[in-house]
Amino acid sequence: MANLPLILVVEDDQLVQSVVEDCLSEGGYEAVIASSGENAVELLDAAQGKYRAIVTDINFETGVIDGWDVARHAREIDPNFPVVYMSGKDADDWASKGVPNSIMLAKPFAPAQLVTAVSQLLNVGTPSA
Amino acid sequence: MANLPLILVVEDDQLVQSVVEDCLSEGGYEAVIASSGENAVELLDAAQGKYRAIVTDINFETGVIDGWDVARHAREIDPNFPVVYMSGKDADDWASKGVPNSIMLAKPFAPAQLVTAVSQLLNVGTPSA
Amino acid sequence: MANLPLILVVEDDQLVQSVVEDCLSEGGYEAVIASSGENAVELLDAAQGKYRAIVTDINFETGVIDGWDVARHAREIDPNFPVVYMSGKDADDWASKGVPNSIMLAKPFAPAQLVTAVSQLLNVGTPSA
Amino acid sequence: MANLPLILVVEDDQLVQSVVEDCLSEGGYEAVIASSGENAVELLDAAQGKYRAIVTDINFETGVIDGWDVARHAREIDPNFPVVYMSGKDADDWASKGVPNSIMLAKPFAPAQLVTAVSQLLNVGTPSA
Amino acid sequence: MANLPLILVVEDDQLVQSVVEDCLSEGGYEAVIASSGENAVELLDAAQGKYRAIVTDINFETGVIDGWDVARHAREIDPNFPVVYMSGKDADDWASKGVPNSIMLAKPFAPAQLVTAVSQLLNVGTPSA
Amino acid sequence: MANLPLILVVEDDQLVQSVVEDCLSEGGYEAVIASSGENAVELLDAAQGKYRAIVTDINFETGVIDGWDVARHAREIDPNFPVVYMSGKDADDWASKGVPNSIMLAKPFAPAQLVTAVSQLLNVGTPSA
């Protein structure tokens, strides 16, 4: 079990970045940071399945691709891709803009909520080749 | 139990319309038909909660609003609105374009699947005032 | 498969009784009617496991035992007993007065909702000796 | 919606065969009958995805392949294959011998339980190409 | 994410209080302690939505309001309120006395069970305004 | 809460043993190690309900009883026994060889996945006497 599961974290606020990174790291995950929707899409396109889940904020300072778009892009590549959204004011849009079988963490949330959310989504369903 | 639960069915193919109407009617539901996305949005905006669920095709001959849009609109009005999609070739897009807690019926489906889908969604969760 | 699964229906309105009986019968269940909470408790106490599920209204004309009480009594006898409530004005109390893993059918409901509710609850979980 | 979803029914009792066939047909499914485990495995191997679900008894008069084996074989071909077991005396073995995400119908069951079981399993999860 | 999610903990045993407080705090939650059912009801009535979940013991040394009552009261205020019960000898009563969509932790339980229970309940369902 | 919940861990690789032991211990569980399928079956037969869950690897250096067999044996003793599998190359066999309501952790997995998996399974369902 040398490699830790890689989680793609899409967040442009450095403070939140480091909180999320710490939470995931304490749970035994390794975070890779994308700081915009555009950056996340690039990493996903080049990933060839190396990320096990995505944790994404909704709005970013730069670019036009938001977190809702990033999740849809991830699901076009892999329809079972685990998706966790983090949001403050946009949490209520989850029911209309989120993808199926995703989790919305409404800020403020506890670190344990994030780690449980990622773990729940990874623990559900059939592993596939 | 004089009134039957009303289900908004969004479908422009008359043959499918009548099949869906018959299925729902046999299950004890009453279908109201919208024949385009635009028509569905109008009915939802005027509905004041009178529909209990939506059953929608994805692509329509006329108009620019597709079934994915209709479902998002329904969820903006009520974040718990039960949504069932019906589709042939677009079924695979459900994971990226569908709303959370919805059901995709891939054509061809059995009438019982449709009635069970609507009933499952109506039977889940807390009734609210 | 000579015997049909017996469902205990607790309802004092004769019109609703016969609607529920017909729905269940069409789904292949056999309904036994109790017309008050007191009557239901008696039947449950004497049942020795012969009922497979309970479908109960909330308020009854006679007696002091309501549908919430009946369901709790059924669960004291068997903690896994499938419970379906039917209600109009009391549906909102389900979240505070219902038992875990039960289903509330808010009136008006479609016959298919009732049959699906009973079937879903019977189809879940481990059969036990 | 010309074609009905095909369901592979594995059952050697002709009476139960016809009851199951009628139930599925009334729900809008078309049953294909295999009358032994060996027969079912042959049909699955030749199927190339044409069956949408399997409904299987546990013990058969002839052959050495039982219903538990048939279900495992179906899941080796497609890890998401919907599986419904029907059984009388073997229902209690489901927790140790059944496959994940399957449903056990303990006899006697109502026709509606069978149709709901198949429909529930078909309505869950992501459609895939 | 300056504020931590507040969890109302209803427990009169000081040792258990401090264990629960430590678990929740390690998961990133902040516990507010009520030491009787009466005290919990007062805090809930004055809360105006400030608690995100309740974790409650069943029996208290003082007062007549037990943990089952506290949970029902919380659900009358908010039908979606996340509820976790902790109990030793009363765990078996959960099926008849618990509220829907709650979790019972049978003592002895691991700290991770408590944190996962609270996180699971917070992570489920639609965030609402 | 003096006693910690005991988890039976079936694993013959000493490195993985100690990683799993540490994860569980950090979550507040106590691990008991079996180093072969044969050893696990012996411990389960003598256990009289003292283990609350099993966490098992699939293949062992010695003996003929693999992890799939161990889980089936545990479920014959208690049909509700919580089961977590850990595997690298055999993860894809879960859909055909796993027991219902179990979780497969595909290696490499994060410690938080293991603790969440055990906690989720313990937190579901009715406690029983």
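Note that the chains take the letters A, B, C, D, E and F in the order they are written out, and that residue 1 is the start of every chain.
Here is the rule we go by: a contact is a pair of C-beta atoms (placed from the backbone, for glycine too) under 8 Å apart; a residue touches a chain by one contact, two chains touch by 3 or more.
Because the structure is predicted, anything quoted here is derived from the model rather than measured.
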| item | value |
| --- | --- |
| When chain A is superposed on chain E by its C-alpha atoms, the rotation angle in degrees, nearest 5 | 120 |
| Pair from A-B, D-F or A-E with over half of its contact pairs in common with B-C | A-E |
| Chain D against chain C, contact positions shared by both copies (same if over half, else different) | different |
| Centre-of-Cα separation between chain E and chain C, whole angstrom | 29 |
| Computed distance of Cα centres, chain E from chain B, in Å | 37 |
| Interchain centroid distance [CA atoms averaged], chain D/chain E, Å | 43 |
| Residues of chain A whose C-beta touches two or more other chains | 79-80, 92, 94-95, 100-101, 115-116, 120, 126, 128 |
| Chain A partner contacts - residues on chain F that touch it in the complex | 16, 19, 23, 91-92, 94-95, 103-113, 115-117, 120 |
| Chain C contact footprint on chain E (complex, rising order) | 71-73, 75-76, 79-80, 92, 94-102 |
| Interface residues, chain E side, partner chain A - complex | 1-5, 26-29, 115-116, 118-120, 122-123, 126-129 |
